[in-house]
Amino acid sequence: MTIPTATLLVSCPDQRGLVAKLSQFIYSNGGNIIHADHHTDAQAGLFLTRLEWQLDGFHLPRELIGPAFQAIAQPLQAQWQLHFSDVRPRLAIWVSKQDHCLLDLIWRHQAGELPAEIVCIISNHPTCQALATQFEIDYHYLPITSANKAEQEERELELLAGYRIDLVVLAKYMQVLSPDFLAQFKSVINIHHSFLPAFAGANPYQRAHERGVKIIGATAHYVTPELDQGPIIEQDVVRVSHRDDVSDLIRKGKDLERIVLARAVHLHLQQRVLAYGNRTAVFA
Amino acid sequence: MTIPTATLLVSCPDQRGLVAKLSQFIYSNGGNIIHADHHTDAQAGLFLTRLEWQLDGFHLPRELIGPAFQAIAQPLQAQWQLHFSDVRPRLAIWVSKQDHCLLDLIWRHQAGELPAEIVCIISNHPTCQALATQFEIDYHYLPITSANKAEQEERELELLAGYRIDLVVLAKYMQVLSPDFLAQFKSVINIHHSFLPAFAGANPYQRAHERGVKIIGATAHYVTPELDQGPIIEQDVVRVSHRDDVSDLIRKGKDLERIVLARAVHLHLQQRVLAYGNRTAVFA
Amino acid sequence: MTIPTATLLVSCPDQRGLVAKLSQFIYSNGGNIIHADHHTDAQAGLFLTRLEWQLDGFHLPRELIGPAFQAIAQPLQAQWQLHFSDVRPRLAIWVSKQDHCLLDLIWRHQAGELPAEIVCIISNHPTCQALATQFEIDYHYLPITSANKAEQEERELELLAGYRIDLVVLAKYMQVLSPDFLAQFKSVINIHHSFLPAFAGANPYQRAHERGVKIIGATAHYVTPELDQGPIIEQDVVRVSHRDDVSDLIRKGKDLERIVLARAVHLHLQQRVLAYGNRTAVFA
Amino acid sequence: MTIPTATLLVSCPDQRGLVAKLSQFIYSNGGNIIHADHHTDAQAGLFLTRLEWQLDGFHLPRELIGPAFQAIAQPLQAQWQLHFSDVRPRLAIWVSKQDHCLLDLIWRHQAGELPAEIVCIISNHPTCQALATQFEIDYHYLPITSANKAEQEERELELLAGYRIDLVVLAKYMQVLSPDFLAQFKSVINIHHSFLPAFAGANPYQRAHERGVKIIGATAHYVTPELDQGPIIEQDVVRVSHRDDVSDLIRKGKDLERIVLARAVHLHLQQRVLAYGNRTAVFA
């Protein structure tokens, strides 16, 4: 039985004494810090930190931790998030026709690797319906056309609200989310099947093959209105050779996509990723 | 004492019997093949091969191997190159201010890793003069301005001709070679300090840092008139994190640049790279 | 519709003319070689080759290819195997309690990545029965004790014979196969959860953590009577840090195990692996 | 002009309030923390931390920082080291016949990558004397035989004392240091040319080739009396294939050795490595 913990992700303008003040808040309330990692982005003048402590023996009841911390955060002009390890985030996984990333996330969830609930699957194709049925996950088939996109995104937002979704994972969802959608739902992770910024946009494997690269990659990032421009969480690569045709690149790339997306989701669910501007600090 | 070998690099339209015909040419003349590697690029309809055999016991004298092979190559519409392992290619290394790739190549040459002669160093800066003196390599300082570029390239071509240079290695030479120059001297390898096609052009590390990538790379490629678009020989990458500022990326990248360039030059000098169109087959 | 091909894997004492003789055999019978790769192991005095050609237009009927080739192979003292791409090998996957490698292979099979049939699953535990049922694959639960091992291996051999199994894949099967078993069934691939030869034997992750390594690995190899000593087909690694405890190593290692095993099985099924002595030539 | 910093490396039994107490010490004295990283090794019950702060504006004069911190460290039973970024450690590089790691460290020093002084070179061979002369570094040739080893180690210890050496870097020094020596001089980093614990001891590349591994590695570690058993600082690997003979492994390995050793020395010189028991925490 693991002891529940609380985690604070904090960013604020850099100044003297931040580590002392933040850790003092936890210590003075009887918390035992099990992970503390800090980063100063000198260029941005920002201080970024992750603090995780055990809740047993902590004097403040959960509902008062936020308000109490706000009294410290406010004068520091700090932005912060508070998470409890035993509150499992609720995921919606979005797919198109390919199922490898979806299956991978489902398997990891079953294996106990993902501290989250996979609540529903949303797709613009019926392809993965059978899979959803097999694992008893709600499946919503919402085909997208240029004509119905706005209206379908409305329905998608209703579903996310209805399911109380915390995080959307685009597990090879081959549609672009509109700025309107992203203005209303911000927590979205996408896997792009290239080593961004190389081959942003469509058909990256085809273009990688045409360019004759010797290494291909995959990139997991938060989604922003600018296509493939969001903060990068994780990337990895694999070697290819002149013997690999496009289908080989796709096959090799699928393994990358699965693992890079899973790592990014895992890091996010452990509250180890702090996005700021167009970058991330990953307190791994 | 290693036995001298001959190496044929051949490309021609694919058809039945090519492996048989080419290997038969060597066998029927008493050659012992020690390396044979073939590749068919179905998309391009091209057959590409590398054949290396020991010269002792080979019935044809060296000067007749080419003509004899041409009799076979001509009906196959084959393009081919013939190399002898004991004929050491003559290199000119071009640099600007940074010396790490130059030093690395010089050390490898001294360590016997590079089957070639480093004949001269050409630079648009005087910075590396002392290094050249130290290792007793001719150094030519040819500053480049928009005004004198054409004329300096003329002098560079004269130097290459005078030194009978086989290969130019751009070891962090921060000038673009003109199409005119490349029309007259084609065998040029460049190291680009990014994972092409990401961050082609100037200041790749600065841009990689701004983009917040988690991996940086380096790319060695043959130079063509289109900047950073030539056939890629070798690439490699290294992980970076939010803690790495631009200077860390540059430091980590320098190790990549040295090794990727050295690998590419080594592969080229072993006649293992066959460039065709915008790609390479690397018979490693 | 892909054209069926034939593949020859040949090893014999090195001598002049082997490439010519072997390719001539294919050409003279009207075959179109689509892959030919050769290797000479000078130390072992061995010539190793893989030849793949398209069967359409090949003059010899399938049943005569072997006998015809034997006439060439015999004087060369060559050992050889002949495979046809449209004859799908029959796999038995052996597991214990962990299902990640099994699931991964099943998914790849469903995705069309593995040119083979997954015919049955054999386990010394009932754990994966439900999975087998879900995917409609025969499952045989054969618990092993020191007392019944010999007798259970007899039953296992009967099952392999009954199912006409070509390849056994030990997908985290935590039992050692006896020399007797291996004398009767030789084609077995195992995934070992370490970077062999480091941490051969039991509990590699625990031992890797105790040793404080900064990188962990996985190794796929053919099984021989000497535990973890068989010819290595593929290996890969992943970075770990002081923050990773044993459970993190296990989690990260599981991704390696899946991918390294899948790559090895894929290479084997494409007839790209030629084992000789304690090593392999991988014609990838 | 970079601002000088102070760095504390601290390890002590884990307890509540450590981050707060340590950071408070710095804050209350007016220090601006630019890097703080902490790790709790639950198994060992140890808290490990690295704290770096800018010295300008810090109220305590340098000579009082240690005594003042001791007052905090003593009740915590903490072991600690204090370093100032503008005090450059003094290195002795030990080599045998191979010069690639030595040259690499010298070049990095010249390029400003290594915040240290390379004070002398000690070797059991005269091979690298010319190199030392070229770079104007004292060179001491101390041949080792079983007969004179104890006595030569005495002279080596005198040299280290005379030069006031802080760190010995074994840059391919092929002799084992005696327990007596290590009892008197503890700060020694070695590069081992294998992926430890694989191929500990002699001739790792030969043995790697015999084993037929697909990946080779290098390991930088602190030296302890047990050969190749000391705490690992850094490791890296490179792919090899059946085409690579022992000389190829050696060539490829040399690049690994240079880079892995340089990374380890760089991390050590930045006070980012905290060794405890047989492991290291690397606050990179």
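Side notes on the structure shown:
In this document, chain identifiers A, B, C and D correspond to the written order of the chains, with residue numbering beginning at 1 in each.
Rule of thumb we're sticking to: a residue touches a chain if its C-beta (ideal position, glycine included) is under 8 Å from a C-beta of that chain, and two chains touch if they have at least 3 such contacts.
Here's who's who by UniProt: A, B, C, D = Formyltetrahydrofolate deformylase.
The structure displayed is predicted, hence computed values, not measured ones.
For the pair subunit A and subunit B, chains touching both partners: C, D.
Rounded to a multiple of 5, the Cα-based rotation taking subunit B onto subunit C is 180 degrees. When chain centres are set by their Cα atoms, the one at the greatest distance from subunit D is C.
Over half of the residue numbers found at the subunit A and subunit D interface occur in both copies, marking it as a same-residue contact.
Subunit B and subunit D, compared by their mean Cα positions, are separated by 36 Å. Computed from the mean C-alpha positions, the centre of subunit C lies at a distance of 41 Å from the centre of subunit D.
Of all residues in subunit D, those that touch two or more other chains are 42, 241, 243.
Interface of subunit C with subunit B (complex): residues 16-21, 23-24, 26-28, 30-38, 40, 42, 239. Residues of subunit C touching subunit D in their complex: 39, 41-43, 195-199, 210-215, 217, 231-237, 241-243, 245, 278-282.
Subunit A makes touch with subunit C in their complex at residues 100, 103, 107, 111, 113, 134, 241, 243, 251, 254-255, 259, 262, 284.
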